[in-house]
Amino acid sequence: MTSLGQWLDLVGVAANAVAGALVAGRRQFDWLGVAVIAGVTAIGGGTVRDLLLDRPVFWIANPAYLQAALAATAFTLLYARTRRIPERVLESADALGLALFGIAGARIALDLGHDGLIAVVMGVITGSFGGLLRDVLCNDIPMIFRQGQFYATAIILGCSLYVGLIALGLANDLAAGAGMLAILGLRVAAVIWNLRLPIFRLPPEEP
Amino acid sequence: MTSLGQWLDLVGVAANAVAGALVAGRRQFDWLGVAVIAGVTAIGGGTVRDLLLDRPVFWIANPAYLQAALAATAFTLLYARTRRIPERVLESADALGLALFGIAGARIALDLGHDGLIAVVMGVITGSFGGLLRDVLCNDIPMIFRQGQFYATAIILGCSLYVGLIALGLANDLAAGAGMLAILGLRVAAVIWNLRLPIFRLPPEEP
Amino acid sequence: MTSLGQWLDLVGVAANAVAGALVAGRRQFDWLGVAVIAGVTAIGGGTVRDLLLDRPVFWIANPAYLQAALAATAFTLLYARTRRIPERVLESADALGLALFGIAGARIALDLGHDGLIAVVMGVITGSFGGLLRDVLCNDIPMIFRQGQFYATAIILGCSLYVGLIALGLANDLAAGAGMLAILGLRVAAVIWNLRLPIFRLPPEEP
C-alpha cells in the first residue's frame, strides 16, 4: 500500500464516519451512540475484510484510523450545532467511502494473490459493509439494497473495472483511479438520470 | 472431508443461494442486490464457522463455492422471468441448506478435536447463520426464530443425533446421513403436523 | 486473567444469557429459539473481541462458558413457568453483563500491549456487542442506542476510568473494580435521575 493509499484510506474512514453520524442523527441517538454508529460505519467494512483474509485488523494495527473516525464524528456533531447540514452530504460521503474502500479492498486481495472474483467480492465487502452494519444497527433496510440507489451495481462494476484493468497490465494507481471514478460516476449518474437495474419482483408472501 | 462431502457442500451453497434470492425478490431488490443477498445466504454460515475455528475461509480457499452461488442465483433470476416459482421452493431450499451445512459444520468441529457441545453449536451456526444474516439484512425477524417453524429445533436435534451416533462408533458417513435426514424430517413433520415447541411468553414490555 | 476474573466472566455470561432469554421471551420465541438468542447475547461480545484481537475464541477454548449460558437460560425458562419475573431483572442483568464484560475486554487488550484507545474500544465491543446482536436478531433498535438509557456513555466512561487508573499505576484489580462500579453506577443513576446526554437531532429524512 502506497502512502497515497493510506491517505485515501483515512479520507474514506472520515467520509464513512460522517455518513454514519448523519444516519444516527436522523435516529435521534445521543452523542456517544452517534460515535459508536459512526465508528462502526467507518471501520466495519475493512474489519470484515481483514478477518476474512486473516490479516491484522487495520485499525488495531494503526490507531490513526480510529482517531480520524472520532475527529470526523466530532466535527459533524459540532458543525450541525451551528449550521444546517447541506443537502446530499450523506449521499456524497457514503459514495466517497464506497469508492475509496471498495478499490482499496480489491487491491489488498490482489496483493495477497487472490483471483479476480475474490478481489471483487472483497471490494464489495470493504466498500459496503460499514454502511450495511450501520443500517442494520439502525434497524433500516441497508441503503445498498434500496431500489434505484445503484449501490451494489456501482461497486461491483467499479471493482470489476479495476480488476480488469490490472489484468490488462495497467499501472495499479491508474487502474485504482479509474475504478474509483467509475464507482462515483455510476452513483452520480444513477441520481441524475434515475438509472436502475431490473428489479426481481416476487409476491411478498409465498405464492 | 470426502469428495462426497464437497459435492454436498456445493449443493448446500446452491440451495442457500436460491433461498436467498427468493427472499430478496420478495423485497423487490434489484438484480445485483439479489446477488449480494444470495451470496451472503450461501456462504455466511460457513464463513462465521471458519472465523470462529480459525480455519481458512472456505470460499476464499476454493472459488468453486462462489461460482456455485452465482450460478444458482442467475438460474433463479432467469427461471422466475419465464415461469412461476413453485410453492414451497423457499422452504425446501432453506431446509436442504440447513441439513447439509449443519452436519458439515458439526463434522468439521469434531475433526478438529472439539467436543460434542462445540460440534452442535458449530452445526447450528453453519446451518442457520446464512439464512439468519439474510433475514437481518432484509430487516425481518430471522426465520429460525419464527414460531412453529421448528428451525432451531430441527438443527439442534439433528446435529445432536449426528454427534451422538459418532460417539457410539457409527461410521461418519452413516451418522451424517442420519443427521441430515433427521433435520429434513423434522422440518417436513413440523409443516405437515404443525409441530411446535412450547413458546416462552413474556409481556412485550417490562412487566 | 486471575481466577477471580474467570469467575466474574462466568457471572457475566450467565447475566447476559438471562437478559437474552427475557428479550426473546417478549418476542414469543420457542424454547430453542430462546436458547439461541440467550447464547448469542452471552458470548457474542467476547467472540467479536477475540476475532478482532486474533485470540482463540474464549468459549471454544473453555466449554464452561457455554454450559453457564445454557444453565442460566434453563433456569430463566423454568423460573418463569412458576413465578413472575421481577421488575428490572432485564435491565439489571444487562447492566451487570455490560460492567463485567466491558472491563474484562479492556483488560485483555491492555494485557496484549494495545494502547488505551484500543482498550476502551475493546471494552465497548466486549460489553455491548452481545446485547447488540441480540437486539439486531430480534429486529429491535439496539438498547445501547435508545435515548436516556445511557448505555454507551456508561461503558465508555467506565472503561476510560479503568484505563486511566491503570495508567496512573493503580493495581489492576482495584482499577477493574472501580471501572465496573462506575458502569453500574452510571446506569443506575441514569435510571433514577433520568440522566441523558445531548441528542443529535437531524430531520428523519434528508433535509
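Couple of notes before you dig in:
Order of writing sets the labels: A, B and C. Residues in every chain begin at 1.
Rule of thumb we're sticking to: a residue touches a chain if its C-beta (ideal position, glycine included) is under 8 Å from a C-beta of that chain, and two chains touch if they have at least 3 such contacts.
Quick caveat, the model's predicted, so the values are computed rather than measured.
Note: Cα superposition of chain B onto chain C, rotation of 120 degrees, nearest 5.
Comparing the contact residues of chain A and chain C by number shows a mostly separate set, under half of all numbers used being common to the two copies. Chain A and chain C have CA centres that are 28 Å apart. Along chain C, residues 51, 136, 139 each make contact with two or more other chains. Listed in rising order, the residues of chain A touching chain B in the complex are 51-54, 114-115, 117-118, 121, 124, 128, 132, 136, 139-142, 144-145, 147, 151-153, 156, 196-207. By the touch rule above, chain C contacts chain B in their complex via residues 21-22, 24-37, 39, 47, 51, 56-57, 60, 63, 66-67, 77, 80, 84-85, 87-88, 90-91, 136-139.
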